[in-house]
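Labels for the chains are A, B, C and D, by order of writing; each one numbers its residues from 1.
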Amino acid sequence: MTAPQPLTAGRVFEAGGRLAAESARFTGFGWMRGTSGNLSEVVTREPLRLAVTASGLDKGELTASDVAVVDPQGDPVAVEGVPPLVPSAEAGLHARVAALTGAGAVVHVHALNAVVAGHRWPGGVLLRDVETLKGIGRLAHDDEVVIPVIRNSQDMAELGDWFEAAYDPRTPAVIVASHGLYAWGSDLKKARHVTECVEWLLSYALAVG
Amino acid sequence: MTAPQPLTAGRVFEAGGRLAAESARFTGFGWMRGTSGNLSEVVTREPLRLAVTASGLDKGELTASDVAVVDPQGDPVAVEGVPPLVPSAEAGLHARVAALTGAGAVVHVHALNAVVAGHRWPGGVLLRDVETLKGIGRLAHDDEVVIPVIRNSQDMAELGDWFEAAYDPRTPAVIVASHGLYAWGSDLKKARHVTECVEWLLSYALAVG
Amino acid sequence: MTAPQPLTAGRVFEAGGRLAAESARFTGFGWMRGTSGNLSEVVTREPLRLAVTASGLDKGELTASDVAVVDPQGDPVAVEGVPPLVPSAEAGLHARVAALTGAGAVVHVHALNAVVAGHRWPGGVLLRDVETLKGIGRLAHDDEVVIPVIRNSQDMAELGDWFEAAYDPRTPAVIVASHGLYAWGSDLKKARHVTECVEWLLSYALAVG
Amino acid sequence: MTAPQPLTAGRVFEAGGRLAAESARFTGFGWMRGTSGNLSEVVTREPLRLAVTASGLDKGELTASDVAVVDPQGDPVAVEGVPPLVPSAEAGLHARVAALTGAGAVVHVHALNAVVAGHRWPGGVLLRDVETLKGIGRLAHDDEVVIPVIRNSQDMAELGDWFEAAYDPRTPAVIVASHGLYAWGSDLKKARHVTECVEWLLSYALAVG
């Protein structure tokens, strides 16, 4: 049994700086148009607390303090020295993903091809025999991979239930239909790599499918 | 009844600096090829005066002083300390949009997919049940959104009339067929976000439609 | 009758600096892959002398001195203080374009959509009723514009003859089939704007045609 | 018979710096998503030793020391002063390409259009009568060029055999189906240019084919 980890403003802002840098990267890819999308990092596991990008801001212009801390329900948690910003409305799903998958970071972006793929294959996107599958922890040969597609909802509890029902522990991504992509990894850099590979795979599937 | 706001060179150049920065951003997106497109900000509401990007310049290279001030007809207005540049020919439509919608900033870009969508759906582009609709102030579910498409004209009064006839107060964008996109918001950053979201939505509509 | 203009190393390198900057821009657009494409500026009109990008270099990495001076046949001309670099093999066509059209600058890029459009419409690309036509000096309404498409050749004299036969003084661009795009303007910035607008128009034609 | 060349840490890190710069460039093109792809340079020819990008790292963030040295089988070789990093699993194929072709540098990227082209033309991609073929050392006219497509494998010896069977000394690139592109040149800059031109040619083939 681990001792509770200290949840300090310093750790929150360190996470915020990383979230800001990755958000700027994804904005450059065109995956966070307007103020869409949000990123999170687990800052403590017990109790589960996530640093998540604040709501309503341009994701290409975030600073380390444009961050909120949330609990497993996505509700704000007060941390001394951290001004209380409104977390993304989707923070509850981030927390659910982190709790269920054990991920240390979660990426949610409105990558166009992910939404197009979700529209084309509402039952899930089948991928098989592509080298880039190794980039999401699967095999390049003879491994049937399905990126689940779940319906969209504004109710994070409902969305979380659908996510949980569709979740395959071997596959670190899910498409929310008519909405965007969720992808995750052990840390934020790994989550970035998974996101990039899934988007590549979905673009490939659309091009040849 | 509000007192008249002072219209100073300083305020005009501050607006010009913001217009230049946003123009450079949209140029980077490929939405202002050649010297196409123009952006404006309302600098005073009563009387209505807009700072609008000057005509004929590369939109990736503007400076804060590459700006003209216009009245509700798009005609130049002299401001002490502001060298008189030629406003964009489309300044009259910017002013009409600002007057009718109450917007604080108007973006006009030649985003390729907007013009392609206007060609494909000359009666308007129907969007429904997409999360990104929230980025333009609409609902992600069960909300029928139509981006109006109006005919192109070189007569800004005529174009303004068509805009007014097609205008739906709930929808902050209109496509001018064979020409480009107009989008607006309460301030320039909001207008940027709306523009980005509309372009994403139109690209999505083309991809799945 | 004008006096002969002095052809100094300084003027050549000034032109070379502008050619390098524009080449880097077009490289960023993906229009000068490998070492493809070349740009030129007229440095003296009588006799006709052009500064043209040197052959075989990466167009994203040019410096002001990566430039050669050529005569109307595209043959190198010695200029004191200018190290003799090999001009692009296509310099002869640049000179022919400058002589025939009166352009002050010529852009030749391997923009993918221009070559695709040339393949799709080998008899010329018809454009009409598009606002962006104003960016190449034509009308937005009721003006039938044809971007000529000529066959490819390694013989610049032959290519020049075909260019001359296809040339319409109202249209500042021509596609060389299976090869790339030539566009021109009164100076290099204007040639850039024309190139950008033509590429946009060809992309639009492909998307809706 | 040449004297053995000295294999120093300095030469390895010089190569590593060049590999890092090119990797960042290709990452910017979207051709090295996640941690995919790898680049190499021959540092000594006798015995054959390659500097190859280290495994599992983000290719947009490499430094000069993120490099491993391998022998013709792709196995790590100790070099004094060079910390032993794990070479890319594909280092064995890089070495095989360098040995067979005499190339001084090898590029392997997951360029989407290359994989799409390999899917569309599993027997090889036929290219003919395109100017950009000159960028890979072929002719712009009447020269039938086939970019070979070989099957994917995780066994570098097997992949190497297939590569050798498909190899045409006139063509400096091969597609590994469902995987990515290999391209090479006398040095790293030339390999970059070949890679760019091949990708352009494959994109063109897909657009018109």
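Before moving on, here are some points about what is shown:
Everything below uses one rule, namely that contacts are C-beta pairs under 8 Å (C-beta built on N, C-alpha and C of every residue); 3 or more make two chains touch, one makes a residue touch a chain.
These figures come from a predicted structure and were not determined experimentally.
For the touching copies chain A and chain D, the fraction of interface residue numbers used by both falls below half; the interface is of the different-residue type.
Separating the CA-averaged centres of chain A and chain B is a span of 33 Å.
Per-chain CA centroids place chain A at a distance of 46 Å from chain C. Chain contacts: chain C has no residue touching two or more partner chains. If the chains shown are joined wherever they touch, the resulting network closes on itself as one ring, and no chain has more or fewer than two partners. Across the interface of their complex, chain C is touched by residues 30, 33-36, 58, 110, 112, 115-116, 119-120, 152, 154, 176, 178-180 of chain B. Note for the complex: chain A touches chain D at residues 129-132, 135, 140-141, 189, 192-194, 196-197, 199-200, 203-204, 207-208.
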